[in-house]
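First comes the structure, then the notes that go with it.
The chains carry the letters A, B and C, assigned in the order they are written, with residues numbered from 1 in each.
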Amino acid sequence: MSLPSTHLFIQTLILGILVGGVYALMASGLTLIFGVMKVINVAHGAFLILGAYLTYVLFQWIKLDPILSIVITMPLFFLFGWLLQRYVFSRIENPEQTSVLVTFALALILEGLLGAIFQTTARSVTPSYSTATLIIATYRIPVTRLAGFVVALVVLLILYYILQYTRLGRAVRATIQDPRAAQLVGVKVSMVSAFTFALGVATAAAGGSLLSMIYTFNPASQGDWVAKTLAIIVLGGMGSLPGALVAALILGVMEQLTAIVISLYWSPIVFYIFLFLTLIVRPQGLMGEVIREKG
Amino acid sequence: MPMLSASNVSKSFGGIKAVDSCSIAVERGSITGLIGPNGSGKTTLFNIITGFYTLDEGTVLLEEKPIHGLKPNRIYHRGIGRTFQITRLFWKMTVLENMIVPVKQLGLRTLMSQGVKNYEEEKAMELLEMVGLEKFRNEEARKLSFGQQKLVELAAVLMSDPAMILLDEPAGGVNPVMIEKMMDLVDDLNQKGTTFLLVEHNMRLVMELCQHIVVLDHGQKIAEGGPADIQNNPLVLEAYLGSTQNANATT
Amino acid sequence: MAKFFHSTPALVAVIFVVGIISPWIVPNQYYQHIIVMTLMAAVMASSWNIIGGYAGYTSLGHAAFFGLGGYLVAWTHNHYGWHPFVSVWFLSLIVVVVALIMGWIALRTQGSAFVVVTIAIVFIFRLLALNLSSITNGANGLTQPRPGWGGVPWSPELIKIPFLYFFLVLLCLTIFASWWIRNSKFGLGLIAIREDEGKAESVGIDTMMYKVLAFGVSAYFVAVAGGIYSYFFTYIDPTFIFDVFVSVTMVLMAILGGRGTLWGPVLGAFIMQPLSIWVVGAFGGSSIHLSVFGGILLLVMLFMPQGILPAVSESLNKRKQVQSPAKDAR
């Protein structure tokens, strides 16, 4: 264990923020789905990895740049999510109880299929700039990280725009705030649920595309990512998008710092520590609402 | 010194103040009514007293000791039982099982004890007989009629001999015969020493049963007194009429 | 006849006797292996059922306790020479303490958040096992000497039998504990928590304490199973044993048979474990068995979420009502 110099510290900070932006995109779908439907989509990690594999296939097949592939993967996943919610999940009787296991079953099915098709070899998408680094004011900034950060922010901004200014988006926000009140003013729950789930899965596609060029992945990675994105949304406050952004940045930075100061192999533990600490000290997270007490 | 006193209790949800600096006192041995138009904060106050909500401001004292901030199970141990506006039972359990779920106090020996103890069963049957439901002891709770379920809910609460019971709309959705039965029951228990605080919309029940009545409107106490005072209080009439006027305006 | 099936001691006795004589009925090692694994699965599913079935809190974290039991046994065996069949009983108590602590944190959440927090527990342990390599030997895992007694290894033809008997005894103990809990006030309280946690609080049940206790107890038998498992296979490593899939198999078995019932998890294990061994064998090293499990879980959750035993008893009850409608007249 060695304390970093100021330069290394700032370097790590920058890297942490860049990575945090991508984490925020990955977690956004999960927190949105929870905010509206009050369920944790345990298949979220599997969707991320599915997105990563799809990007990988597109890259191998037609050399499509992973960032550009978002244009294809997002609409595809949006449709997929919409259909899934509309025709499968909506038929579940007791969503609060059974949705966890149903989504977990889905995650297992996906992991198994991906493993059967792609084997468990670690994959990664390596566009031409995958090893390129920019040097800005003596700080080394990997191009993939920077590109990922920018793209993540763009997608998050689009998401924000949709939620703030479109009719459906406002309906989603109203439902998060107060589902009963929203229903009273005419919001259709089934429509909002389908739209939200679709949005959540679509952002997973984008997150997966970015993931594919920043990390290595295999089918089993889906479990890691579920745990990490859950840690982010718990810290940020479940259902809060701004919270997810803040939490993702914090965790991104903490993760990088731990990698430098302690060791790379210990860095994932940051997520779990924060998850548990949040649950002990402030269960509603940074920006979540105190869960309405039992009544 | 009142048995239960809530002082300057406030509770907000989001931007809405459900209970606004409300103070009520329940005298020992009384049947106190809590009335007011819909949305006046009655059930919120109930939930605060019984530990389901945490208050933002104020105190709730039972026998001069603070109970605000305690969890519902501790409050039950302190001697306050409650029923729910929408009856809550363990639907798939039998009536008898519902009766023996309540826990008076903690103890490892009690936890591990097997089956139903004789004294528990005796007491449960005694209470079931009091409400006339002893024949249903082995029926699943969900098979009973609505009114019968309400009686079971009350009987189960009585298992721990609470000193005070909060009834949340005991006459809600119940037929007149059952209402009479419940009023007799409450009166009977009250004669034997149980204090009652009840939220109710049925005015006849409130005026006949309650010795003291507190009126809430928009989260604040606007009046209190005996039945006669309340019936003739212009503020009370306005609160109810006002709410009817509003209801008429939006239809 | 029905009364026989309702008598827990009778059924346990039958299982015990059949188990004792099974090595003579089934001298084939491969089938003995399946029996050992099935008994172990039944132990794990029944143990999980205490928190997952009675209290209704779906934990996917029990793989952590399974693995921790395995590691404790393996380590003490290698360093102190403690024989697993003896040491596992009190080493698992350490795992219970860990579970109580984990539960105290995790049980602040409910529903789906709780499930994912328990998933995180498994990952934490995997991370610890991988990185604290001076103790755990990291990714290389821990190996134990060939099973035997007093320094003398058991002969290869008979090697499955001591494990078969061990898990047989463990299963009887687990079922007994589950039965004891179910009939106690504690168990009634857990079921009340499952049915309506808020109502349970309102009638005096300290739900947090009950849940944490149930979580801790449910970890015990799983830890014992894990300890002996590490001995049976003479090898464990972090990625293999701290795997959410281990938790999922327990959960699926309990749910398939009927979570919250006494015998449901046992039934589920007796069905699923031989099936899963077959599936893994049939599809070789491919991950497709994950999809098969996922598919079964999905089907069960969509079409028979209460499980086999409750579904069967429901349809039997319906038949009884049809046959004697007079009984319902009050």
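Keep this in mind: contacts are C-beta pairs under 8 Å (C-beta built on N, C-alpha and C of every residue); 3 or more make two chains touch, one makes a residue touch a chain.
What you are looking at is a predicted structure, and each value in this text was computed from that prediction instead of being measured.
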item: Chain pair with the most C-beta contacts; value: A-C
item: Of all other chains, the one whose Cα centre sits farthest from chain B; value: A
item: Computed distance of Cα centres, chain C from chain A, in Å; value: 32
item: Mean-CA-position distance for chain C and chain B (Å); value: 42
item: Shared-contact residues (touching 2 or more other chains) in chain B; value: 52, 72
item: Chain C: positions in contact with at least two other chains; value: 198, 201
item: Set of chain A residues in contact with two or more other chains; value: 294-295
item: In the complex with chain C, residue positions of chain A that touch it; value: 34, 38-40, 42, 91-94, 96-102, 104-116, 120, 219, 223-224, 226-227, 230-231, 234, 238, 263, 265-266, 268-269, 271-272, 275-276, 279-280, 283, 294-295
item: Touch list for chain C against partner chain A, complex; value: 56, 58, 60, 105-106, 108-109, 111-113, 115-117, 119-120, 123-124, 127, 130-131, 197-198, 201, 244-245, 248, 251, 255, 286-295, 297-298, 301-302, 305
item: Residue numbers on chain C that touch chain B, as the complex places them; value: 180, 183-186, 188-189, 191-192, 195-196, 198-207, 209
item: Contact set on chain B toward chain C in their complex; value: 50-52, 71-73, 76-77, 81-82, 84, 88-93, 97, 100-106, 110-115, 156-157, 160
